[in-house]
C-alpha cells in the first residue's frame, strides 16, 4: 500500500546550451537564443517524488522536512545562484538542457536515498517547458 | 481507450501530528512544530482522478458535476472547517499526516465509486508538500 | 533511460454539450448549463508530454520549440478562438466534452510525432476540471 | 483605519468582439480572431474589492460569504455559461470587451453594495490579459 | 522616484471566529462553520509591500533578504504552526478574522521598519478570500 | 471613467549584482550569492498596466495585442535570453536589481506610449520577490 510524497524546491541559475563539436552557425541553428555566449537564466522549480510504505509509528513515508534538507544540501547548495556550465562540475562536458539537468539531479539524490524508495524528479525550466525522469 | 478525468476541491482544517505512545520529547523531535498541542491548520487541495471509458451517449467518463457532489457529500462535509484529530472519527487512533489523510479519503471514495473505474487521490497540504495514493 | 518532456499551450474556444438523439429535457438534465444553445466557452490549457531518449548531440528528447510550433500548426490554428462544434470538423458528430477533445488532440498529434516517442495529453477545461489521455 | 477585502469568483462565457457600424474587413482588421462570427470563449476570473471599516462586533468589513452570495446572485447567475452578446441584455448594444464587461459588473454590484463601501473590480480574461475598474 | 518592493511569505495556523459576548446561536449564525469550537486552519500567504527610494549604492529600496528575515523574526516565529486564538497574545481579546490579522501584522512590522518607508500588507486566507491594509 | 488594462509577458535572463566601487568582501556581504561572478538567472514576469478611457468605437483602452507587440519589440527583444549586465546597454553602469530593471523598462515603454495613458510596471524576479514602479 505505497504512497508517493512530493517536495517542491526552487533554484535560480544561469546556463548556456552549446555543443563544442559544432561551429557557431550550427549551434545558433539548433539552440537559437539559448546559445547566447553571455548566458541567460531561469527560476528552476524542482519536484522530488519519493514512493514507499508509510512508517506506522510516524505516518510518514519520508519526513518532508528531511527530504527538503537533503535537497538543499545535495542540490540547491551546488546549483542555486550558480552558472550551471561553469560552477557545477557535472556539466563540464554535458550540455545543461533540462533533460540533462533532471538526470543529474536524479542521480545525485538516488545515491542519497535508500533503495527501498522509488524516486522521480520533475524539473520546470519555465512554466511552459518541463521534464520528468525517469519517465 | 481509457481517459482519466480529474476534479479539484478544497478544504480547510486544523490538525496535530502526535504519537501517543511517545513522550513529549520524542514527539517534539520527530514532528517539530507540527506537534503543537494547540493545533495548527492548512488549506488542503484535493485532486480526485477517475479513469474509465467515455460513455458514447454523453462523452463523459464520469460527470464531473456528480464527482464534485460526491466529494462534497462524502469528504468535504466531514473534513472542511474541522479539527481532523477531534472531529473526524477515522483519525481517532490514526496520526493525520498527509499520507494517512490521503489514504482515508481514498478509501471513502473507493467505496462510493463503481469498481470499473480506477481511482487515485492527490492531496496538497501546502503548495510545496503533497502526497498521492495509490502511488 | 527515457525522459519525459512537456510543453504547455493555451487556446480559447466556445462549445456546447449536446446529444442530438435526445430531446431538450434530457439534454438539460444531463448537461445542465453546458447545454446552453447560445454556447459558452473556456480558456483551455493543453499539456503535451513526449517521452524518449535524449539525443546525445543536443541533450534534447524533442526540441520544445519544435513541439510548440507543431502544436500551434496542428492544433491551435484550428481550435483557438473557434467554436468547437461549428468550426472544427472532428466535432461535427462528436460531443466536445473534455474527454473527446483530448482524444481528438491526441490523435492529431500522434500522426505528427514519430512512433518512437510516447505521447500523452492533459487538457484543463477549468482549473478544477481536467482530463488526460491515454490514462 | 480602512481595510480592503477581496473575493475571487469565476465564470465561463462565450463572446464575440464586433462593431456593427463597421464592415467585415474593418472588424477583422481591428478585432482579428476575436471577431469570429461563431463565437469563442473564456474562463473569466472576477476579483471584487470592497473597502470599509471593520465592524468591531464581527471583525468583518463585509462578510465574504455574503459577498460571494451577492456576486453569484447578481453576476454569475446571469453571466456564467452564457453567450455575453446574446444572453446578457447589457451587451445588446455594447461590445463585450474586457473593459466593457468590468464596467457592467461594477455598475451591477455598485447598486447592490452600500455607498459607505468603496468598490473596485478586476477581471481576468486570460492569465495574461486583465482589466480593473475604476482604475 | 519611489519604487515598491514586495516579499511573499507563508504561515500555517489554526483559528476560530467567535464573539464571546454572543450566545452560541448568534455565533453560529454569523460565523457559520468558522465558529467550530475545535478550530480549523489555513495556509496563510502574506505579502509585505515597502515603498521608498532605491539606495544609489545598492540599487535596493530595502534588501528583500533582510525584509524576509524581519518577517520571519517578528511574524512567522510567532504565528506559524500556532493557534492564533490561544498562542498569539494579540488575539486574546480580538477575533482573528483576516481583517484583524492583517492589522496586527501591519502594526508589528510598522514598528520595525523605518518611518521613511511606506508599508502595506496583503494577507490571503484562501486563494479566493484575501485582505489588504491599509486600503 | 478610466479603466486599467494589463498585459503580462515573460523573459529569461542572466545577471549579477555588483558595485564596482566596493571590494569583493563588501560586495559579498551586501549581495551574497547574487554577486556570483559567473552570473545566475531568473524567469522574469513583467506586468504592464496602462490606464485610460475606453475608445467608444472599439471598447478598448489600448489594444492588448498591440501592447504585447510593443513590449516584445521594445523590451523582450533586448532582454530575453540575455545577460542584463553585458548585453543591455542601460545596465553598463547600473546595477541590475529588480528596482533598477523595472525603472529601465518603465522609461523605455513611457517613451513609446502616448502621454494620455498612465503607465505602471510590475516585475517579478521570483514568485516571492517583486517590484512596482512608479509606486
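Letters A, B, C, D, E and F name the chains as they come in the text, with residue numbers starting at 1 for each one.
Here is the rule we go by: a residue touches a chain if its C-beta (ideal position, glycine included) is under 8 Å from a C-beta of that chain, and two chains touch if they have at least 3 such contacts.
The model shown is predicted, which means the values in this text are computed figures rather than measured ones.
Novice: Could you tell me which chains are in contact with chain A and with chain D alike?
Specialist: The shared contacts of chain A and chain D, listed by label, come to C, F.
Novice: Find out how few touching-chain steps suffice to connect chain B with chain C.
Specialist: 1
Novice: Would you kindly state whether over half or under half of the residue numbers at the chain A/chain B interface are used by both copies, giving same or different?
Specialist: Different, since under half the interface numbering is common to both chains.
Novice: What is the chain whose Cα centroid lies farthest from the Cα centroid of chain B?
Specialist: Most distant chain from chain B: F.
Novice: Rotation angle, chain C onto chain E: superpose the C-alpha atoms of these two copies and give the value as a multiple of 5 degrees.
Specialist: For the C-alpha superposition of chain C onto chain E, the angle is 180 degrees.
Novice: So the centre of each chain is just the mean of its C-alpha atoms; given that, what is the distance between chain C and chain D in Å?
Specialist: About 28 Å, centre to centre.
Novice: Chain B to chain F: how many Å between their CA centres?
Specialist: Roughly 41 Å, centre to centre.
Novice: Going by the contact rule already set, what residues in chain B reach two or more other chains?
Specialist: Correct list: 127.
Novice: Thinking of each chain as a vertex joined to the chains it touches, would you call that graph a line, ring, star, complete, or other?
Specialist: Other.
Novice: What are all the touching pairs of chains?
Specialist: A-B, A-C, A-F, B-C, B-E, C-D, D-E, D-F, E-F
Novice: Which bits of chain C are touching chain A when the two form their complex?
Specialist: 1-9, 49, 51, 54, 57-61, 63-65, 68, 118
Novice: Quick check: in the complex, which residue numbers of chain C touch chain B?
Specialist: 17, 19, 21, 30-32, 94-100, 102-103, 127-135
Novice: So in the complex, the part of chain F that touches chain A is made up of which residues?
Specialist: 10, 12-15, 33-34, 36, 38-43, 80-83, 86-87, 126-127
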